[in-house]
Amino acid sequence: MQRPVPLARSGFAQFERIATRWADNDVYGHVNNVVHYQWFDTVVNRWMLARELLDLRHGPVIGLVVETRCNYFAALAFPQLIDIGLAVTRIGSTSIVWQLGVFAADADSTAAVGHFVHVTVDAATHRPVPVPDRWREALAALAPPA
Amino acid sequence: MQRPVPLARSGFAQFERIATRWADNDVYGHVNNVVHYQWFDTVVNRWMLARELLDLRHGPVIGLVVETRCNYFAALAFPQLIDIGLAVTRIGSTSIVWQLGVFAADADSTAAVGHFVHVTVDAATHRPVPVPDRWREALAALAPPA
Amino acid sequence: MQRPVPLARSGFAQFERIATRWADNDVYGHVNNVVHYQWFDTVVNRWMLARELLDLRHGPVIGLVVETRCNYFAALAFPQLIDIGLAVTRIGSTSIVWQLGVFAADADSTAAVGHFVHVTVDAATHRPVPVPDRWREALAALAPPA
Amino acid sequence: MQRPVPLARSGFAQFERIATRWADNDVYGHVNNVVHYQWFDTVVNRWMLARELLDLRHGPVIGLVVETRCNYFAALAFPQLIDIGLAVTRIGSTSIVWQLGVFAADADSTAAVGHFVHVTVDAATHRPVPVPDRWREALAALAPPA
């Protein structure tokens, strides 16, 4: 595997703001490695909910997380503000690959880069189902800038 | 003890905005009762840090939490935005009593009211020390509106 | 209100073990005040689930938390083991008052004492309903020792 | 990249027990994908602390997390008990690669497999330093069974 490197803001299609919380810092005084994944869950679901692609209670299709990954390049700390860049790098027949760039609010280079694979499943049976057309249309806006 | 009742925004001196996170909701689909306390820690420390009253690494005085309390009146849920009203209802010789009002961003009545008692202690020994004068002056701005 | 004081193990009817986690410690190197409430949620629900009093998905009645409170007497830290003492100090027509004692595994006096008020509600409508008879019978085992 | 597959208990050198918590479940009623990483932090640090390899406050060397990864194969839910299998698959000059297998307490096949890369750094400067000899000796016990 090639060595992961930080990315620029130009690699992301859209951004969501996150305000850090007291509990994000651990004993070492920086945002703990786990917290980045909480942010990813938050911005991905917020983006989906804002576009009415997801209904947590009654929607027929949900995105099940089957793989997550994160590389960390620089420390962050409460009370910093964070921007998360969103990009969808691949839409398969029943899966979506998200790339998430974590930026300090005043930085142009990622402090961390995350990767998140959703499989679209039937909300009741958890069996894979095709990525809905409405999702494909909306997610096209998150194609990484050329 | 008298029955707790919701409060209006007029009972608070200042407000801090909180964006809910995916993990704030529990199995029942609403913000879990524990999360309100994470928000209180966040807004109180954010307020203190923004005024340079606190230095997490090298400050001589920190606020140790000795009592917390919350009454819950209405359900909240991710991805709602929240306003937390801040008031300091009492400053003793070595203690500060905070009142925190949790409002849905579009509501005028609290969904929850929290209570938080800080004892000011020496950062190294954790022995009580007087509330610093700089803190008293700043905290005066959080006296509840008459 | 009278000044809260630590309690002995003899004040509790039963105990549940909690293993601390890395994330329980905050910047100051001790278990954060919020975490105690996560433990309370865990032991109360674990106790109920072990006795089949609660069914998170299909049960007709759930316990809605309307008030929580905690007083802190001593610091705890990961990787300590914790015992939580459980007592039910009052069962009303539609409410249950829990008292939770937080003990370091090798201590006889509480590091913190929590208080937790459940209102029993219809799982669908969230309207108060009487505490079920099966609950009353089981909860009798948690009456504080005389 | 080859498709990740579940692993057996025989692939791990030692096991640590985790008790799930109420807050581990998310809206969908299962352990949220983020929580596995909290468990990894907990068992890795618990293992290190139990062998006195780490001193959170005064140790000269700490392990900084530079990469994490997890593949999810099966759902877990509070109040299940979990076993985490530990293996160290590589020790470099300044890095350690951990493999973590997440098992339901009664299962022989992983519900998830995690991967965690530590760089050993000077606690004060965060500059990479060689993996201490005491660490190498202790970590040898976590070599994956042949």
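Order of writing sets the labels: A, B, C and D. Residues in every chain begin at 1.
Just so it is clear, a residue touches a chain if its C-beta (ideal position, glycine included) is under 8 Å from a C-beta of that chain, and two chains touch if they have at least 3 such contacts.
Since this is a predicted model, take the numbers as computed values, not measurements.
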item: Of B-D and A-D, whichever chain pair has more C-beta contact pairs; value: A-D
item: From chain C, the most remote chain by mean C-alpha position; value: A
item: Distance between chain centroids, defined by C-alpha means - chain A, chain D (Å); value: 23
item: Rounded Å distance between chain B and chain D, as computed from the means of their C-alpha atoms; value: 35
item: Residue numbers of chain D (touch at least two other chains); value: 22-23, 25, 27, 29, 32, 34, 38, 41, 56
item: Chain D residues within the chain C interface of the complex; value: 17-19, 21-23, 25, 29, 38-39, 41-42, 45-46, 49-50, 56-57, 78-79
item: Chain B partner contacts - residues on chain C that touch it in the complex; value: 1, 4, 27-28, 32-34, 37-38, 41, 56, 62, 65-72, 75, 126
item: Contacting residues of chain C [partner chain A, same complex]; value: 22-23, 25-27, 29, 32, 34
